[in-house]
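Input: a single structure, listed below in structure tokens.
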């Protein structure tokens, strides 16, 4: 499988649809331990990248990813905006360098995206943020790709890692992001950013399977 | 029966107790079509006159009534304050002139109080105010006293008039006081000032009966 | 009811003490009877005194200071102050040039101010504000209520007095402004009178109270909730109907007043709509005020006030004012 | 949810347009990207720019004007603005002496301002406010949040820039004030984010949220409702513990800030209590501010901020300011 701009645009549509479908799962989480706007922020981002197909399709995958990053940066705001933008910039850099012609290439790009996001947010695993989903997903992707698994197997592995990562946020004390203000009281709730990442990852994996 | 300062003080206590007892009947009325403070205003007045016995007992009835008027004026505030104060000033004037040694004397003083209250508030019957209780009560008192009825009969007559007057406010459109702003919407509610007057009249009548 | 309160009976006094301390450069509090005066007594001018029930803050004590009020008499929440307060205040601030009372037209306020005026040996006059055109006027009733337009009357009359106008002239200006000012309020929720402990009226998530007063008195009509454009259009239309010919091609002051719990973000959104509607009618807004100036405790809602300006009113609106709640030019 | 709104998506822009019109003597609104500047560009001074999510009005746009901010960048409700807004604002107001950003310490705001600062070719620095001592500081977390103390930083740094201080010195003053300022908030109700349409959290009639943030983030503890004296004592104690030795015999500014739906009457009652408590500790309040300055939309509640003053801070607090929400000395 190869990461082409057309696929990126399809992924944007799939993400947009998935976010809307999962509104009831995402929205209450940031209300419980954050400020209640995460769903709206992610939706604003998903909407805008889904509407960019016309300007993206003539571009190379790395250029398209960069354009998406810039658009997210100036559209989403909040914590999610720069973090997502960082993610797509990281991806773009690696795709430009390595191309995106194999599972491993795409996995490396995904990991590079997460890497850039970590740089921006100065976060790490275990802080009850989206990283608790993104990091395990990125490792799993790389390991499964190295083992030359099929797209379907990789999808299952990533989804399982994302699910587990999401679930792990439930018992964590938030130490980063707005929920950190709650201390112990944040225990018992899933993290909103982790949930939306899990939803988006699942949507893109399902799409990948359908395509090839 | 004769209106002496001791009786005035007992009446103040009776009024105070009755107001507290009837809080649940009075309070909701000014909330429904007024600004919700009538019960508190009346209570403030009842409390203060009930606490004045020490300074009143050495005074003549007319002086005591005047003192009460002044105290109410500087304590109650709102519409009720000057109206009640006017009432007691009117009473005081007539008691001073006629004395208060018969039912008719007391009835005349009561009517003079109502007269003074009307002057202050520029009101008349049928405007959905306390006057819808006070005026019929005053007329009835005078007529029953002229007919030389017993205290018990007079009490029953006054109470019946007060009840009927109160009930008449239900279907009236308020044209005076705060409820006037509601126009037609004031229909269907009793007037708070009318209700508290009915309660106070009943309390004083019951007391009169007990005394003689 | 959750409020910052120790004991409902002392709430007013504790709050007034806090007000005095927070603005110790501006005001002095006097207790029993309660009234507030400027820290430094003005000299050789008509003294302007306002007052009314508490619960409308910053009205009236927030407007004590140079260029506006000389004193204010706060009553209990939503209850007119008593004549002894007005009399003590008058005696404290009179400079020999007389006292102008500014009261909002409610039976209670009118009677209490009237009695004070009658008993007082100092020469005095009263301006009654009655800008609330939600209440239909009639000679058979107490007439229209005074609401947020009162702030404009207090500001301009205060300025006029400061400039040396005599008692009669101050009253003429106050009456004139009142006659060319119209307001209507709308509420989304009731307020809660502290001593009552629960909301004065019930209202559902789909209803609004149109033409509400500033005491939680229900308005003229319970209506269905709708978009801001529609609500504000109804209000502006009613105000313009009331002002009638006076508003034709007029220059006006537009006051968007919060009733207590409505965020500034929404008040500015209302301003945006009202400005457009007035402009469409050929009316020019040349002065504006947006914020919580005449509140109904914690009510969610807002009122709109339009005051027709002329050079005289404009001049007195613009003149320096130095109070807790309005401050410019100093 | 009942709000004055036509369409939630346009709410911010409509409100900003109203703000621009109501204060057309003071500010200019620029759209896409959204930012506001002074009507007349200042010359030859460090430009001071603040910004943050909407919903805290009058913060920040209400503080644009002589003696305070040069520009403000409003984000969506409770959502940090984006770097393109800060960059456009910086380019519009830079006079060649550089740009000082003032941001509240939230992950989102920090990252967005940081990116703007990195990309921008104009020399710039950032002051992060973090006065909320309800949140325990730790180097392993994002640290304390910026809340109402931000107003004091913006006022004084704005004054310093107006007086000609250079970029580095302005930042030093901002950091210094932040380091000697502590705040805590308490909420009685949640706020309602317009796009969400319902209250962010549920809270009963007998509970309060102690240490609440200004975004409806729950606080550190859900406590039982109690009398104002007890609530305020806990807050003042926590603030003094945080300020520790710095507060000993200090002269301070006491800011009692309403979170949106709490009446002025209660804010002054809080002031009265806090003043007494501070005085008992040998602390002297020499400056005060009471009102809604850093709100959480329509939340019922209040925060207390204590800022330790010295001659420098005092001077810059007192200096003339001419903005929509703070105005004195001009």
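Order of writing sets the chain letters: A, B, C and D. Residues in each chain are counted from 1.
Simple rule for what comes next: a contact is a pair of C-beta atoms (placed from the backbone, for glycine too) under 8 Å apart; a residue touches a chain by one contact, two chains touch by 3 or more.
Every value quoted in this text rests on a predicted model; they were computed, and no experiment measured them.
Undergrad: Touching both chain A and chain B: give me those chains, sorted by label.
TA: Touches both chain A and chain B: nothing.
Undergrad: Taking each chain's centre as the mean of its Cα atoms, which chain lies farthest from chain A?
TA: It is B.
Undergrad: What chain pair shows the greatest number of contacts?
TA: Chains joined by the most C-beta contact pairs: C-D.
Undergrad: Could you put a whole-Å number on the gap between the CA centroids of chain A and chain D?
TA: The mean C-alpha positions of chain A and chain D differ by 32 Å.
Undergrad: Cα centroid separation between chain C and chain D, in whole Å?
TA: Distance between chain centres: 29 Å.
Undergrad: Between chain B and chain D, tell me the centre distance in angstrom, where each centre is the average of that chain's C-alpha atoms.
TA: About 54 Å, centre to centre.
Undergrad: How are the chains arranged in terms of who touches whom: line, ring, star, complete or other?
TA: Looks like a simple chain-to-chain line, open at both ends.
Undergrad: What is the complete set of touching chain pairs?
TA: Touch list across chains, by label: A-D, B-C, C-D.
Undergrad: Please name which positions on chain A make contact with chain D in the complex.
TA: On the chain A side, the touching residues are 27, 31-37, 39-41, 44, 73-83, 85, 120-121, 175-183, 185.
Undergrad: Taking the touch rule as given, give the residues of chain D at its contact with chain C in the complex, in rising order.
TA: 1-7, 11-12, 14-19, 21-23, 54-55, 57-58, 62, 188-189, 205, 208, 225, 227-229, 231-232, 256, 260-273, 275, 285, 288, 290, 292, 295, 297-298, 300, 302, 327-330
Undergrad: Using the touch definition up top, name the residues of chain D that touch chain A in the complex.
TA: 33, 53, 75-85, 106-108, 111-112, 114-115, 132, 134-136, 138, 140-142, 145, 193, 195-196, 200-201, 211, 213, 215-222
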